[in-house]
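Here's the structure we're looking at; comments come further down.
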């Protein structure tokens, strides 16, 4: 029993981290029709800048805020410099964001050095609770709570505010949104910055979870996020949460029970979804 | 990804069996067959999707193979890699160079033959307008799968040769960097042409040597990949046709300018 | 009467195709101008070019004495042009209420009053207030799209084939709504249904092969059997 609960919490925590990455990816794709292969780079930058801020101030709150700000700034730069020039051309988008991914992760090595960096868990969140035989690691619970919180906030914004309404309308029909007098390019920029901020938040939360950070982590997690976006349905926010949890849990349980298959499980999930429901579990478009 | 498979096929076989020429050629064939089968399966699964999904999935699949190679240490020795002995024949670098050159010429002419074959024509049609090709009754999926299988096989051949030239493989042959290098070469040279990538490869390799040479004087060039990335991004934005594409486009434009004016006769005129 | 919108010799390319090859017409304030022509003549593209969705490569569009040819679509819309596209452009997963809300510039008393007024024109919409746009019938979608374009007190409405695919009873309703809206605003209408076009149109512009053939008063066109036969296939 306690084993199952542990695996469950593990899987959920990983799932939430992937969700933070996939949420931005899926929104950017759904609204802007842009597949951002540099998203993992933003994730890694979030992790490194967060750890740097933490080392500087010894405050995890500052680390999180610093990482989010880094994400927002990088998101702004990326959208203006990289995405806008190739807007509307899929192939060029894929190529250019791939290239930017490389630049982002190499820049990390220039700024922070090429080696792995150890990341500490803040004292308040380290340690664990014991409830009977079940040991719950505090930090994992913290990640899960943050994930739920982020999901809640974004669901609220999407469902209840004017800007959320515009974003949802834009996912369905961009031309029409413009024809109703809304500057969609401006909305694109905001969404991209928010997506980058979410990725950076995922990165900074990831750092104490895995203990070490390295430049390549961006790509590794981005691949999981891509799988999640495909499974969940491109552009669907709830879909990406569900798929992220699915991928997280599948990874955690498989790693324990059938370690040989744990590598392939995500691919298998994706293949199954693609064969039976190529549009993903959820669809955002009308 | 298929590049890596070719590299591993050759490396593992030369390592396990004796380093002779026949094993070498056999290993190329084995790499090609494996790559062909896998690219067929992956293509079947992913090519039904739009460009976005396709790119994402292929990336995910190649990521998976990278992880697989990292973990399957008994075969690949993971990131540490292993060295192996190449056939004595290739000890002479000139011989090796000639072999690679022969392969290049052979592949170039085979592919050119392929492009001008009926099959290749259909593929060009798919590139120009997939919907219309479909409505003409072609199963475009079949053609796209064929194209990806061929690309996989050629990449595998390149990987085999690459492994021989280094006499060492590790998991880096499966990383994105290789794919990106190839993409950069293609883009600089010209997408959709055969001669373009050859020119692109030449330009990039020279630039690479030059930039890493600079690293001795300016430490920033240690990370020359950054400059690569930046050049690449600039190329995508400002130079999307590449060297060959830009040149041939200029010619095409000049030829067409005179004809274009009367391209679309009006219906009224046709009725008269 | 003053000229609200003037289209002067516009040419529009979409990809490598030269769709509009010289379209010119004027829309006078308070009138319904109808664009007529065969399928593929360039009527829809003309509306899209006015909206800035497919900007003209040459020629000018003037609205309220101001050149808007190269303006961004959202500027053109905010200047007071409402657009009802051929496919109605309803946001399928949003409710009727939300569809209108996306278009509303402000949410104050005046805006709410305006909303009430528009809903009185389209009483059906009130009934389906919380229904998703994708689940509405074709006629309801048409109503919603027109209401949405009209909700900001637009000075000019561009309506693309409102009768397309609708049952005669529903067409009647749509027509009544357009006649009602005409009291408040100026309308440019693309319409294949000549009976409808001739009943609500004040002026016509005949487009063929991306070119203006002739413009004039609707009453003249109704008399002109030759023009109708050659370009509209009727009479």
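Letters A, B and C name the chains as they come in the text, with residue numbers starting at 1 for each one.
Methods note: a contact is a pair of C-beta atoms (placed from the backbone, for glycine too) under 8 Å apart; a residue touches a chain by one contact, two chains touch by 3 or more.
The shown structure was predicted, so the numbers you read here are calculated from the model rather than taken from an experiment.
S.K.: Report which interface contains more C-beta contacts, comparing A-C against A-B.
M.R.: A-B
S.K.: Using the mean of all protein Cα atoms as the middle point, what chain has its own Cα mean nearest that point?
M.R.: A
S.K.: Taking the mean of the CA coordinates per chain, how far is chain B from chain C in Å?
M.R.: Their C-alpha centroids are separated by 50 Å.
S.K.: Find the geometric centre of each of chain A and chain C from their Cα atoms only, then give the gap between the two centres in Å, rounded to an integer.
M.R.: Each chain's C-alpha centroid was found; their separation is 42 Å.
S.K.: As a quick test, compute the distance in whole Å between the mean CA positions of chain A and chain B.
M.R.: That gives a centre separation of 30 Å.
S.K.: For chain C, which residues are in contact with chain A within the complex?
M.R.: Of all residues in chain C, those touching chain A are 51, 53, 72-74, 77-78, 83, 85, 89-94, 98-99, 101-103, 105, 133-134, 148-149, 152.
S.K.: Where on chain B does chain A make contact in their complex?
M.R.: Residues in contact with chain A: 45-46, 48-53, 55-57, 59-61, 63-64, 67-68, 71, 176-177, 180, 183-184, 187, 220, 223, 225-226, 228-230, 232-233, 236-237, 240.
S.K.: Would you mind writing out the residues of chain A in touch with chain B in their complex?
M.R.: That would be residues 29, 35, 37, 82, 85-86, 90-92, 94-96, 98-100, 102-103, 106-107, 109-110, 219-220, 223, 226-227, 229-230, 234, 263-264, 266-267, 270-271, 274-275, 278 of chain A.
S.K.: What residues on chain A touch chain C, complex-wise?
M.R.: Those in contact with chain C are residues 162, 165-166, 168-169, 172-173, 175-184, 284-286.
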